[in-house]
Amino acid sequence: MSLPFRASLAAVALVALVLGACNREERHSRSKPVGEMVPAGQSPDTIWPGGTQPPPLDPRAALYDNNAPAISEGQFLYSRMNCVGCHAHGGGGMGPALMDDQWRYGGRIDQIAASIAEGRPNGMPSWRAKLTSDQIWKLAAYVRSLSGQPSKDAVGSRADAMSAAPPQTLTPHQPVRPSDTAQQ
Amino acid sequence: MNEPATVRDEDERLARERRKIARDGPKLNGAKLEARLGQTWRRPPGILGWLATVDHKEIGRRYIITALLFLAAGGVLALLMRLQLARPDNNLIGAQRYNELFTMHGSTMMFLFAVPVMEGVAVYIIPLMVGTRSTAFPRLNAFSYYMYLFGGLMLWIAFALNIGPDIGWFAYTPLSGPQFSPGKRADIWAQMITFTEVAALAAAVVLFCTILKTRAPGMTLARMPLFAWAMLVVAVMIIFSMPSVALASSMLISDRLVGTQFYNSFEHGDALLWQHLFWFFGHPEVYIIFLPATGFVSVITETFCRRPIFAYPIVVLSLVSTGILAFGLWVHHMFATGLPRVGYSFYTAASMTVAIPTALQIFCWLATMWDGRPRLAVPMLYVIGFIVTFVIGGLTGVIIASVPLDLELHDTYFIVAHFHYVLIGGAVFPLLGIITYWYPKITGRMMSERLGKIDFWMIFLGFQLAFFPMHFAGLLGMPRRVYTYPAGLGLELPNLLSTIGAFVVASAVLLFVVNGIVSLYRGAVATANPWGAASLEWATSSPPPVYNFAHIPVVESRTPLWDMVGELPVVTGLRVDDKEMLLTTVVAATPDVREPVPEPSLWPFIASVAVGIFFISSIFSPWAVVFGAIPSAIALIAWFWPKEIKRHPEPVIS
Amino acid sequence: MIPAPRFTDSVADLPTYKFGPSSLTWWGIIGYMVIEGAAFALAFAAYFFLMGHEQGWPPEGRPPPDLLAGTLFTIVILLSEIPNTMIKRAAEKRDVAAIRALMPVIVGIGALLLLIRAFEFNSLNCRWTDNAYASIIWALLLLHTAHILTDWIDTIVLWMLMRTDLGWEGRRLVDTDENSLYWRYVWLLWLPIYLMIYWVPRL
Amino acid sequence: MRRRAGALVALLPLLGACSYQHYQSAFGNAAVEARQFNILFVIFLVVCATMYLAVIGFLIAGLMRRRRTGNANVIEDRRHHESDPLMRSGLIGWAALVGSGLVALAIASFVADRSMAGAAAHEQLSITLTANQWWWDAQYNAADSSKTFHTANELHLPVGVPVRILLNSNDVIHSFWVPSLAGKQDLIPGRQNDISITPRKVGLFRGQCAEFCGAQHAHMALVVEVESYADFLKWWRHQLQPAPSPATPLALAGYNFVTGRNCSACHAIGGTPAGGTVGPDLTHFASRRSIAAGTMAMSTGNLYGWVADPQALKPGTKMPTIGLEPDQLHAVVAYLETLQ
């Protein structure tokens, strides 16, 4: 008789323990209005002048960084927006590789988002007009996952397609070098 | 090392010593015997003793109570779904949450309620029914319960933490695969499967060996109670079917975790491989749930009609043939997947054939009523409810066995209606009946007859109100697993009725629980055999003593308690200073071996914890397979490592 | 009231252990053999199901696994049946000394087999992520390795057990008997797997 | 008593159904295939109902024959092993009855199945239907590729013409089901299934995905309009036309946004630079009956709502909430409405 009691007790304890650690699974169907998310004076998805230290991490990063549905939707966009065309499946081609630890314009998720939104010299187009900020951040989350940045629990092992790259769940973690978070 | 001269001498010495040991018999019986047996068989006190127990009655009780709690939880989910569907374009529950609800409902009912509750009842009653003192492998039995408990807790805690699975209880790939189910939701589901499979398989082996090897002397296969026959068939079915889903879910996890390609059709895998493996388990699963219920029906009908079941051999044969046929039907869940049409015809035929044994069983029960003197006590009412309801489900089953009809009805609410008629009408009604029936044996008190009757009618009518309209919802084009439906398709009325009915059923179940709890304290005290039944579980006190029987009874007919004249024949000579049970031969049940029974032990519990940690962590890292296996192995070794020989002359494995 | 007993015959002189179908553990082990057998059978079915869709097997004209390690493994595991049978006989003759002498041999063979198995994984010529073919043969090999490993550990434990006084207990002999039975099962399982991994791709 | 209750419950929804003209009902009877279903269903229903009545009759008889009242649990001495000889012959009779009934049904089912397969032989119109999470892409095939075109979430079929629909999926398993026309058939990634339909009634019929396919499984419907061959040809020719160019300045502004900004990344509009393939083809969008795969009816109001915030109306859909400025919204809707 005391068993169910004990069981529920354990359950409650565990809930209390792990609760809040689980926005990994939460599905955000749209980005919050920018005003709410970003401190005044700092516009989203943009490049700040070179040389200076980058500003603190964009608060939106928390919503996308280790969020499994976001990364998976980023994967969807990555293939459907034909990023594969230049970057292949992270291996790189016409465009730079995304699986390694080389980040020309910064390896932080907001920096990646900025690169996608604004475009970069030598061929990287600007997507600001084509994708919403939410989509761009999801893409950024996926791109970041290609180099094993986010927690392995948030990424999917493979796509249902020709296997082009080793499973992301097994890709080694590539630390972002401090020099990469500064702008070149 | 005190090596004896030869093993022969050792044996003779043992034989001499044996004569001195205290055993039950004419010299030692009555209160004195019961006191000594109680001493020998009692489990250590306290929380540790509670965890260490290997008494099949305690474990069976826990199994049943846990399963009923999961039933309640799954029922609450059902009510939430019915609220969402009460009216068209409802926004009470969002799409994501609703998908989690029906996934949890299906998985809970199939894996955490239906199968375990049947096993629980069997684990409790079978040893009593076949006249022995313990199940085979009582420690494995305990292990099985803890694995089941942890699997269920994992699923529900995950649900509470918003990592609940949202892929349906059938988890079709590629929807459940790495690309379309990001995060850990699907892994939680798949690993819950592993837990419950381990538990169910262990319980199956326990029951299988108990039924075959520990029956009372004289209980030949031809005199075995029909419930024992049903559980024997079910145990074998579990043994053959559950590895299939275990294999499938392991492949799914490895697809998701280490990037194997089993279900990836673009890398030479095949999404349909999952459906084949899943339904090869999934269809027998239905009979794994249904056959024990037919055992219940036979037991109740026999007792309340005062007749042995009509045409016993036919009933046994139909149980066995159902068990075999069940493995030939799985493709009828896949008629719409575009497999070769001609092949389908075979499965149509097979699916219809399986109706024949069931039809014969039904005839046998009705004939028993015809021959006997039926009395409409509450358990008997549930049997009537079972026949009236289940037969509808069986006949709609015949309808959807036909390919052209199934192509329209497949995955619609017609199917939802069909399998609820089969599973609730076919399994839950008899279960409620048998709980009422065995309640006095388990608790020593009777359930309230009056409440019971009210309850039956509420459940029965509420059920028809909830599920009959679903046939029409399906025919009007309502697919399954939709979180809402548009107005104007004619679906408003059937859905509203279903919702109302669902709440009637829920309140009735609540009343049943109240009846159970109140009767626990207020119910009339039960005698050893309050229903005047014929089988051995009624030949001992209610509730039974920890050792079940003071003397092992001898069986001379299929209805021993009806055919005995005055006294019950028994065999004597089992040790009373030590836990011992009697093994008999498989077919003729002639006494064969005196089997020492393991002592209570914490190791099964510790092992299940170790294995549980192993399973759960292997959701998150493939390396868990390595570091998780080590503690599990240690625990298992400690479990099986015998104690020092402390009791000569007959050392006991423990 | 509980019916009064009528005493018939006594079971006092029955043995407390027997070999084979009279023993409860024998039935338990058979039960688990059937469970694992079912799992393997279904894995085989999956293998042929996947193969059924393909023109080439292995697909994409990949090289089939190299024969050497697997064949060597097969020979050794078949030879291991000799000491295995001797142990089984000794157990049934209740010759504890012989069991104690033979156990190390079979344990050694187990270790050797695991070593060869390590090389087998290297000679598959594919990684489990390559395609479904690679996944299924890795799965088959892993499943079987798990059985070798568990039975090997089991044998070591039993060996340790037999070397204590407990070895003299009749039930330990039954355990030994059934351990040998299980080993037979493990190498019998290997034969179809060997064919499927090494020879079917060469057809 | 309990069965009367059952019958009552049975009746009400039926009435509800009859008042409704079988928009999505399996009794729509609107194609040869659906008709097969109806006939076969009635046959099964009759046989099964008879069986059921037999069981219930026997049950009542058995219960009433020698019913005990009171709580006595005695057994009749030495008679409890006897059984009525009638039952033995009854068992055999019952087995024969059930067996023959099932054989009859199996044969009926087999015949119906074969005849459907036969009907599939000679199709005259071929459509490739591709399922996506959560909408349908339809490609009307033609020998000359300039005559093939895409549309979405709405099919037009000529009455009396056998049509063959090839079924593919871009992501997970879906199932194509238009109850009034035919049974369902799964769309499975990496496989191609097909289904043949020969419509026999002019009318409007609704279908819905019947295999659980993720968050918005409930909002994955399609409309099938069965029309006379002449009307069908008219529609078909119209579909081949490119989208009309915007007439009003507002529509022109919308055109510029749609083809220059987010929309064109996913949607294609014939005769414009917009060539995205992620979402439905919008060339003749405004001529369709529903928005977002049957999520809501086509109307200016719904269109405003949908373009403004799709994630609110169909949470999880791949179409993002762009956050348009009011003037942009007006322009886009104005342009979309010109896509007749």
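For clarity, chains are labelled A, B, C and D in written order, and residue numbers in each chain start from 1.
Please note the rule applied: a residue touches a chain if its C-beta (ideal position, glycine included) is under 8 Å from a C-beta of that chain, and two chains touch if they have at least 3 such contacts.
Computed from a prediction, not measured in an experiment: that's the story for all the values here.
Top-ranked chain pair, ordered by C-beta pairs in contact, is B-D.
Centre-to-centre separation of chain A and chain B, using mean CA positions: 46 Å. In terms of their C-alpha centroids, the spacing between chain A and chain D amounts to 38 Å. Chain centres here are Cα means. That of chain C falls 51 Å from that of chain D. Chain B and chain D, compared by their mean Cα positions, are separated by 37 Å. Residues of chain B found to touch two or more other chains are 96, 174, 180, 258-259, 261, 264-267, 270. In chain C, the positions touching at least two other chains are 129-131.
Within chain D, residues 171, 189, 215, 315-316 each touch two or more of the remaining chains. Across the assembly, chains come into contact as A-B, A-C, A-D, B-C, B-D.
Of all residues in chain D, those touching chain A in their complex are 171, 189, 215, 260-262, 264-266, 277-278, 309, 311, 315-316, 318, 320-323.
Interface of chain A with chain C (complex): residues 158, 163, 166-167. Taken in their complex, chain A has these residues touching chain D: 27, 29-30, 33, 76, 80-81, 129-132, 134-135, 160.
Per the touch definition, chain B reaches chain A in the complex via residues 50, 62, 65-66, 69, 96, 149, 153, 156-157, 160-163, 174, 177-180, 182-185, 255-259, 261, 264-267, 620-621. On chain B, the positions that touch chain D within their shared complex are 94-96, 99, 166, 168, 172, 174-175, 180, 265-266, 270-272, 306-308, 310-311, 314, 336-338, 341, 344-345, 348-349, 352-353, 355-356, 359-360, 362-364, 366-367, 369-377, 384, 387-388, 391-392, 395-396, 398-399, 401-412, 460-461, 464-465, 468-469, 472-477, 479-486, 488-490, 492-494, 497, 530-532, 559, 562.
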